[in-house]
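Presented sequentially are two complexes of chain A, the first with chain B as partner and the second with chain C.
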Partner chain A sequence: MPVFAALTEEEYRRLCDYLYRRTGMVFTETKRYYVERRVVERMTATGSGSFPSYFARLRGNMEGEIERFVNAFTVNETYFYREDHQLQCLSRDLLDDRLRASGRGRSIRIWSVPCSTGEEPYSIAMWLLENWPLVDSCDIEIVGSDIDTAVLELARAGLYGRRALMRLSPYLVEKYFTPQGPETWKILDDLRESVRFTRVNIVEPGETAPHGRFDVIFCRNVLIYFDDASRRVAAENLYANLLPGGYICLGHTESMSRISPLFDVRRFADAIVYQRPPGDAHG
Partner chain B sequence: MAEKKRVLVVDDAALVRRYYRDILEHAGFEVDEALNGLEALEKLLAAPVDLLIVDVNMPRMDGFTFVDAVRRQALPLAATPVLITSTEAGPQDFAAARAAGANFYLVKPISREKLGEHATMLCGVSGAGEYGFIRP
Partner chain C sequence: MPLIRKPPPGNTDSTAPANPAGPCLDALVGGDDNARWNAARAAPDTPEGARALGEALGRERNPRVREAILTSLVRMSTPEGVQAVLPLLRSDDALLRTGALDALRTMGGAVRPYLPPLLHDADADVRLIACELLRQLPGEQATPLLCAILDTETEPNVCASAVEVLAEVGGPEALPVLARCEERFRGIAFLEFSIRTTIDQIRSQVSR
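Take a look at the complex of A and B:
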C-alpha cells in the first residue's frame, strides 16, 4: 500500500488553487483521493520527503516539475472510433458543408484537442479513408494537440493495446495496424504521417492562436474538467481558432450553450454540433 | 500464378497514398509509394514498375516534371505507363499532361472502381510515351 501524502485542508486548497491557475482545471474536495494519488506519485518520483518540500519544488519548476505534474493529472483514457456518430456527421455533413461554404478551395483543416495518445486524430484519418468519397481530392490537414507532452510522444509512436482498438472491427485493425507483439499494434506509417502533433494549453490564447483557424474542431470531454471561467476562456479561444462557419464537436455530455453564447447550435442527422456563425469573420 | 504487376503511387498526401494503395492492393497489384517526383525517380531507377500513378502538385518535383524526366530515360524505363491524378480539370491541364508524356488523366475524386479499372487497363499498355496518350 502506498503511503498517502495526507495533505492538510490548507495544503490541498493551495495545491488546487495552483493547479487551477496553471491549467484551468478545477478539483474539488470530491476529487481529493485522485489528486493525492498523483501527488504521491510525483513525491515518490522526485524523492520529496514532505508535501511542503514537493510543493516548493513544483512552484520552482525544478527539472520541469510543473509539466511532469500536469502530465500526471491529465486523464488519458480514450479509444478508436469513440462517439463515432460525430465522425459520421463529419463525413456526411460537416465537410461537404465546409467545401461549399468556406471559399478556400479544397482545403480542409481538422483539429483534435486534446488528442491524448492519438486515438481521436487517427480515428478521423481512418474514418475519412473509409467513408468520405472526396478523401483523395482535398488537401486534408489533421492536427492533434494536447497539454501533456508525454501523451504526444505516445501519439507520435502510434502503438496501441487491445483496449484502444476495442471498437474497431477486425477488418479495420488488420487494414490500418501491424501487430508488434501479442498485445500491441502499430498504426500504419501513412496514417502517422497524416497527423501532426503539437502541444497546446487551450486556456492560453498565446498557445492556441498560432495553430491557425480550422474547419472542424473536436474538443471532447475536456471542458468538464474546467470551472465556468476557464470553460469560457477555452470556448473563446476555440472560437478564435474556427474559420467563420466552422464547427466544433464536444463530448456528448457537454453543452456549449451553457458555456458561451458565441456559437450557433446545429442539429444534423447524426449529431448536434456548434458552429461559428458564417457571417462572423472577426475575432 | 502470374507475378503481380507493380505500381508506384506518387503523391505528397499520406492519406491519398493510403487510399490508392488499398484500392490497388485489393485489385491485385503490388504497391510502392513516393512523396514527390524526386523520390519517385530514385525509386524507379532502383527498380522498374509496371505503372506510375502520379499527382501533379507536389513539393520538390511536381508530377509533370517527373513524367517528363521519366520519358527522357532509356528504354524500357521511358515507356513506363503513367496515369496522372489531379483535382485540376482544365484543357490546359490535360494539354500539360499530354506534353509531359502521360498516358491517361483522371480527375480527383477517383472512385475505387475507376482507379482499379484504369490501373488494370494501363498495365496492359506498352510502348507508351510518344504514341501512347489517351484522351481523358
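Take a look at the complex of A and C:
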C-alpha cells in the first residue's frame, strides 16, 4: 500500500471547506487525524498519486467518488435502536405534541424512509411499545419505504444477525425475536404486521405523494449522498408529505437548514429536528 | 394481530395523496396559495410547464410557492428554466437573489452557456454571483474564466468572489494572476488577505 504524506494545513482547510459546502459535515483541526486517514484510504483505493489529483476526482464525482468518500466517514450499516436519542425525542416530545396539535384524535402516522432492511421502522415500533404510555390507546401507522425492492423483501422477512441486534438488551431480544439458529433471529410476526413496507423514490413527487401525509418522518443519512438538485427536490417532497406541524428527523451529520428554507428548526432535550410550520397548509 | 393498533381502513385527510391529482397550470395564475403550490409542483410534468413557471416566478409573492416554482425549474433544468431564473439575479430583494443563485447552481450544465455573458454583465452584483456559479465547473474549466476576471475586473468585491472560488478549484496557473491582482488592489486589506491565503493554499500543492 502506498504511503502518503499527511495533508498540508492548506489542503486540509480546502478539503474541509469543500466537505462543509457539499455535505454539511464539519471537521475542525481536532478531527484532522480522523479525516486524513480516510483521505489516504480513498487515495489508495483510487490510485490517486497526490491530494490535488484526488481532490479533483472528488469534486468531479468521478465514478461516484463522493458517495464512497462520505461512506468512509459514516457508519454505513443499520442496526436496531441506532441514534436512539431521536427515538427518545419521539416518545418524550414529538408524538404528544402531534396529538395536541393535529386535531385528528388519537391517530399518528410515522414514515421511515429509506428504511433499508427494516431495522429503523421495527425499532420505532419496539420503542413505542416500550416507552410511550399512549401506545395502546392510539391508532399508529408505521410505514417503511425504500427505493430498493431487494432490501424491502429482507425487511418483510424480518431476519437479522447478531450485529443488527447489538444495541438491544437481552430482554428486548427475547421479547420481540425468536432464534432461527445460532446467528439469526426473526422478528415476531405480530411486530412485523405493525409495519407496512412500500417502494419509493423520494426525488419523484409522483411516488412520494401517494404515501399521504405523516406526523413524523425519519429520513436519516440519505440526503447527504444526494447532489444539490436532488436534495432540494427530495426536501420539498418530504415537506409535502408532512402534515402541517409535522416533524422530520435527519441523520446527525445532516442539516435541513442548508437544504431548504421551508422548515423550522426545533430543539428538544434529546434531539434537533425540523418542523413543517404548523400554520402552513400548503400542499 | 399487530402489536401496534393501526388506524381503521379508509381515506382520511392524512392518508390522501400529498398532492391532489392533476392541478392545472391555470392555477399558477388565479389559484390561492394552496393551488399555486400544487400547480408549481406539478408543472414539470406538463408540456407548457417551463413557460408557465417562468411567468409565475416574476409575479409570485408567496415565498413558499416561489420556492416550489424554483424547485420545479431545477427539476427541469432546461434553457427555458435558466432563462426564467436569470432575471431574479437583478432583484433588489436579497432573498430572491439568493434563491436564484441557489437554483442556478443546482441546474448543472444548463447554466454553462449563460456564464460568459453573466461574467461581463454591467451590474457588478451579477458578476459577483456569476463567479460563484463557476464553482460548479471542473477546475480546468473554471480556472481560466476566473483568471480572466482577476486580470480585468475593477470591482474588489467581484475579485474577492473569484478568489474565493479559486481557493477551491484553482491550480498553479492561477498563481501569477493572483499576484497581479494583489498588486492592482494593493491597500484593500480584505482582498489582499484573501489572495495571500489562496496563494498559500495553491502553493502548498505545487511544492509537494
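As a working rule, the second predicted complex is superposed on the first by the 207 of 283 C-alpha atoms of A that agree within 3 Å, B and C clash if a C-alpha of one lies under 4 Å from a C-alpha of the other, contacts with A are read in each partner's own complex, and residues count from 1 in each chain.
To be clear about the criterion, a residue touches a chain if its C-beta (ideal position, glycine included) is under 8 Å from a C-beta of that chain, and two chains touch if they have at least 3 such contacts.
Please read all numbers here as calculations on a predicted model, not as lab measurements.
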{"item": "Partner chain in contact with A:134 - chain B first, chain C second, else both or neither", "value": "first"}
{"item": "Which superposed partner A:174 touches (first chain B, second chain C, both, neither)", "value": "neither"}
{"item": "Touched partner set for A:29, first chain B, second chain C, both or neither", "value": "neither"}
{"item": "Partner chain(s) touched by A:60 [first = chain B, second = chain C, both, neither]", "value": "second"}
{"item": "Which superposed partner A:233 touches (first chain B, second chain C, both, neither)", "value": "second"}
{"item": "Which of chain B and chain C A:188 touches, first, second, both or neither", "value": "both"}
{"item": "Which partner reaches more residues of chain A (counting touched residues only), chain B or chain C", "value": "C"}
{"item": "Touching partner for A:214 - first (chain B), second (chain C), both, neither", "value": "second"}
{"item": "First (chain B), second (chain C), both or neither touched by A:153", "value": "neither"}
{"item": "Touching both chain C and chain B, counted on chain A across the two superposed complexes", "value": "125, 128-129, 135-136, 139-140, 188, 190-191, 193-194"}
{"item": "Residue numbers on chain A that touch chain B, as the complex places them", "value": "106, 125, 128-129, 133-137, 139-140, 175, 188-191, 193-194"}
{"item": "Chain A contact footprint on chain B (complex, rising order)", "value": "13-22, 33, 85, 87, 108-111"}
{"item": "Sites on chain A touched by chain C in the complex", "value": "5, 8-11, 13-14, 17-18, 50-52, 56, 59-60, 104, 107, 109, 125, 128-129, 135-136, 138-142, 188, 190-191, 193-194, 205-206, 208-215, 227-229, 232-233, 236, 240-241, 243, 260-262, 280-283"}
{"item": "Touching residues (chain side chain C, partner chain A) in the complex", "value": "1-8, 12-19, 33-34, 37-38, 41-42, 45, 63-65, 67-68, 71, 74-75, 77, 102, 105-108, 138-139, 167-169, 171, 200-201, 203-205, 208"}
